[in-house]
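Pasting in a structure now, in structure tokens, and then I'll have a few things to ask.
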Amino acid sequence: MTGLIVGRFQPFHRGHLSVVSDLRRAQPEGSLILAVGSAQESFTAENPFTAGERVEMIQRALAEGRVNGCLPVPVADIHRHAQWVAYLRGLLPAFDVVYTNNPLTRLLFERERIRVESPPFVDRKRFQGEVVRRRLLENRGWEELVPPAVARFLVELGAPERLRRIAERVKGPSAESAP
Amino acid sequence: MTGLIVGRFQPFHRGHLSVVSDLRRAQPEGSLILAVGSAQESFTAENPFTAGERVEMIQRALAEGRVNGCLPVPVADIHRHAQWVAYLRGLLPAFDVVYTNNPLTRLLFERERIRVESPPFVDRKRFQGEVVRRRLLENRGWEELVPPAVARFLVELGAPERLRRIAERVKGPSAESAP
Amino acid sequence: MTGLIVGRFQPFHRGHLSVVSDLRRAQPEGSLILAVGSAQESFTAENPFTAGERVEMIQRALAEGRVNGCLPVPVADIHRHAQWVAYLRGLLPAFDVVYTNNPLTRLLFERERIRVESPPFVDRKRFQGEVVRRRLLENRGWEELVPPAVARFLVELGAPERLRRIAERVKGPSAESAP
Amino acid sequence: MTGLIVGRFQPFHRGHLSVVSDLRRAQPEGSLILAVGSAQESFTAENPFTAGERVEMIQRALAEGRVNGCLPVPVADIHRHAQWVAYLRGLLPAFDVVYTNNPLTRLLFERERIRVESPPFVDRKRFQGEVVRRRLLENRGWEELVPPAVARFLVELGAPERLRRIAERVKGPSAESAP
Amino acid sequence: MTGLIVGRFQPFHRGHLSVVSDLRRAQPEGSLILAVGSAQESFTAENPFTAGERVEMIQRALAEGRVNGCLPVPVADIHRHAQWVAYLRGLLPAFDVVYTNNPLTRLLFERERIRVESPPFVDRKRFQGEVVRRRLLENRGWEELVPPAVARFLVELGAPERLRRIAERVKGPSAESAP
Amino acid sequence: MTGLIVGRFQPFHRGHLSVVSDLRRAQPEGSLILAVGSAQESFTAENPFTAGERVEMIQRALAEGRVNGCLPVPVADIHRHAQWVAYLRGLLPAFDVVYTNNPLTRLLFERERIRVESPPFVDRKRFQGEVVRRRLLENRGWEELVPPAVARFLVELGAPERLRRIAERVKGPSAESAP
């Protein structure tokens, strides 16, 4: 059985790893696709890391955690909800079940008669991408929220400095010259 | 004479029906194009219904109200205001006059020397898409704001449930996995 | 040596002219490319003028100020930060240095090993596009913020009236019929 | 029962009218959606007429032939076959059956478990868009291939002259200045 | 060391497997990214299989051949050669070397100072996607050109029938109704 | 008076320079916009040079020929003929007349009531982009077809080698790995 989990993984944190690891343990003979959403985005406050960087942090965290049978796939947004499930089915290997706690994601898959299950939550207050990104910006306390391999990778990338630069606003003649 | 009215019709409510019906009565020998804007959007808080569903509710409401001579046409956004009038002219049958109370819409058409008229308002406080969508979300009092045929269609679609699912926010590892 | 400055120039104001003029004086034998960003946008609150109008106001202001050696180039957004520098390099003549005070712009160019310098600020409180647009909307005090040639051009365009129409919000059946 | 027929209708000819008319007669209580494909195309050899012009010629021909219950809808190409059926379902009112003789169209709809039927052919040699366009270019013998209302409309549009201009190739410095 | 190989893999044949297998053997400690190009295409003569199907056939063939350390990634075309390398770098994990025999691919990567190597050819006459697709269309002799696991998968997909339907051309009123 | 000339300028040759130079001499007090079309294309057989390279060769040739009052502007294709004139008007400074020998270009501008004139031809057999590109590919006899400044620039770019690499076709496992 092949499962699908969709996220942006900005960054891949311990909550993600826990869910993925549990799903793999529950279905050791199957496999799991990790759709890395908003793949076209990077260097923004919401999406600081490129899709390639996100795939790489997933690979490193799974290798470190000895979780196998996972395939991370970058998926760009299409901003067309009515086509989104068909788009994913065209881009990904065939899957049998989708794991999500997002009611809209559930709605869209169920409309196409695809089985949807809710994975259990893991300390939902702490393990949120938004929290990790805020701590990265302030460069304090983020290391404990991500797997060690991801922490090392984020240091290599200069992630706190990147978040800081993205967040800065300058007033003046060239202030509007953002890309 | 062919008129054009542009809206998103999320959903098609009694204010829309009243304007369309009045315009058709005033020009019985002409016809009226209803451009169904933001056609690429659906399953969002602002645009819960697909273009096809909106075309269908327009057809049902007009049939019920015995209003004829109308052509609903889905029109996707191009997000290029300087090309928008040329885009509409390419997509729609030739039209002679545009009915709008939106000052920007008026400006863009007048720049191309197309005649613009303002339709009278119909109890503008109640008959707004935003109000109907809010009531659909709370599932109370929305039926009186839409034509009966639209009310029945919205029930068929499970509209209140759809609005509720779109609005829900879940915190946790998979919270960011929205499409 | 060819420099590059990126802005939206909505509109081209005296702060812009001052920076451009200083850069040209400092490198009289070189040239300066003015990338006119968000070129696809117009008739919105943030981007009221078309790219063509912005190129034209730059040309008029530079002619009036006797600043030569500048090339204004309209550049549409691609909304893909990871490709943005490659996109600019494909669209523009070769350049040696980028002038910017925007930290993200700096980051993206430095990642590609392109030299970045910060131009000095010119009374940053007053000379901001946002301030000029707000004053245009209120139609008072904007003339002193732009070069005389731009002021005349903005009058020709009916800029205050345009800003006013863009800003207006109408409630009612046709309120959502914006382009 | 609602049927769907997909075509480019470049232009709407007597073969199209015959099929549409037969389908309507066979299902008088139902309705028929005419998806006007490649809606974004116009002024090319393959697609000389805008979507709006095509919708208009369909309306005139159906009125002339007293065929009712049809809804022409412009549909832009998405060039993504795996999403095409989902795209149409989002854009169009709900439909129960698709009429097509195109094997690929059949394949794509059947994959989504939508009923497909083949309409009978009507003198397939003569009634082809390609033949009508070639005769329009040569401005001889095209009138008999289209309904009278379409013939009058094509004269209004200056169709033969348009086809001729599109087809012309000029060699020289400005030869490559095509849009 | 991470290598990159770019292909369309329509379908993944024994020539592909041989190259991938040799590269993995030569760098057992490294890894190899397989960019599955033209990911947005499917159900056309040149690109009959979806990106998801292609990823799946790669996974099956590599599992069968006991080749590990490979990551297949679907990559949609951007049709902007000047941005193509930046696009790939944003979408993929970091790579050190590109393997290609395509002179244009080589040129584009070398311009960005990325190391490029040419993999040896494997009986180039037989092992070409074009040849496999032609034989699939004729449904004879294609099995020997693909790994056994891919052959089984192509049978599951009904590949010869799919190729045949895509290739068919019908003349008549609905002939132009292709998606 | 401001004129507009639209071309792809792949590359800018002596035929282009002659037309531009004549137009400038005939209207010394006016100005001329050179829209550099298909700006998004590069490194293809039809469009080997980036828009930036084309703008740069135009600048060099005009400086060498002491032709002033010209503004080269890169213009990406929109592939929507019905919107093309509106698109150009939004992107370019206001213009009064278009110079073209292309019948379709003439048709599209005349539909918008813009004045169109035909510039005289200059030895049309020799001075064609296609001829220059073919000679560049064969690396013989191309220098005499372009202004000396362009010839030097093309040597700097390694143009013959670039054309050769683009043209090469390799058969084999990686043959389809083109960008």
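Should a chain be cited, it is by its letter among A, B, C, D, E and F, assigned in written order, with residues numbered from 1 in that chain.
What we mean here is this: contacts are C-beta pairs under 8 Å (C-beta built on N, C-alpha and C of every residue); 3 or more make two chains touch, one makes a residue touch a chain.
Treat the numbers as computed from the prediction; the structure is a model and nothing was measured.
Shared residue numbers account for over half of those found at the interface formed by chain B and chain D, and the copies are therefore classed as meeting with the same residues.
A count of C-beta contacts for the chain pairs E-F and B-F puts E-F on top. Superposition angle, chain A onto chain C, using Cα atoms only: 120 degrees, a multiple of 5 between 0 and 180. The mean-CA centres of chain A and chain D are about 44 angstrom from one another, to the nearest whole unit. Taking each chain's centre as the average of its CA atoms, chain A and chain E sit 26 Å apart. In terms of their C-alpha centroids, the spacing between chain D and chain F amounts to 35 Å. Shared interface positions of chain C, i.e. residues touching 2 or more other chains, are given as 42, 50, 80, 82, 89-90.
Under the contact rule defined at the top, the touching pairs of chains are A-B, A-C, A-D, A-E, B-C, B-D, B-F, C-E, C-F, D-E, D-F, E-F.
Chain contact summary for the complex, chain D toward chain A: residues 80, 82-83, 85-87, 89-90. The touching residues of chain B, when paired with chain C in their complex, are 5-8, 10, 13, 15-16, 18-19, 37, 77, 79-82, 84, 99-108, 119, 121-122, 124-125, 127-129. Those residues of chain B that touch chain D in the shared complex are 39, 42, 50-53, 55-56, 59, 71-74, 76, 89-94.
Contacts from chain C toward chain B in the complex involve residues 40-44, 50, 162, 164-166, 168, 170-179.
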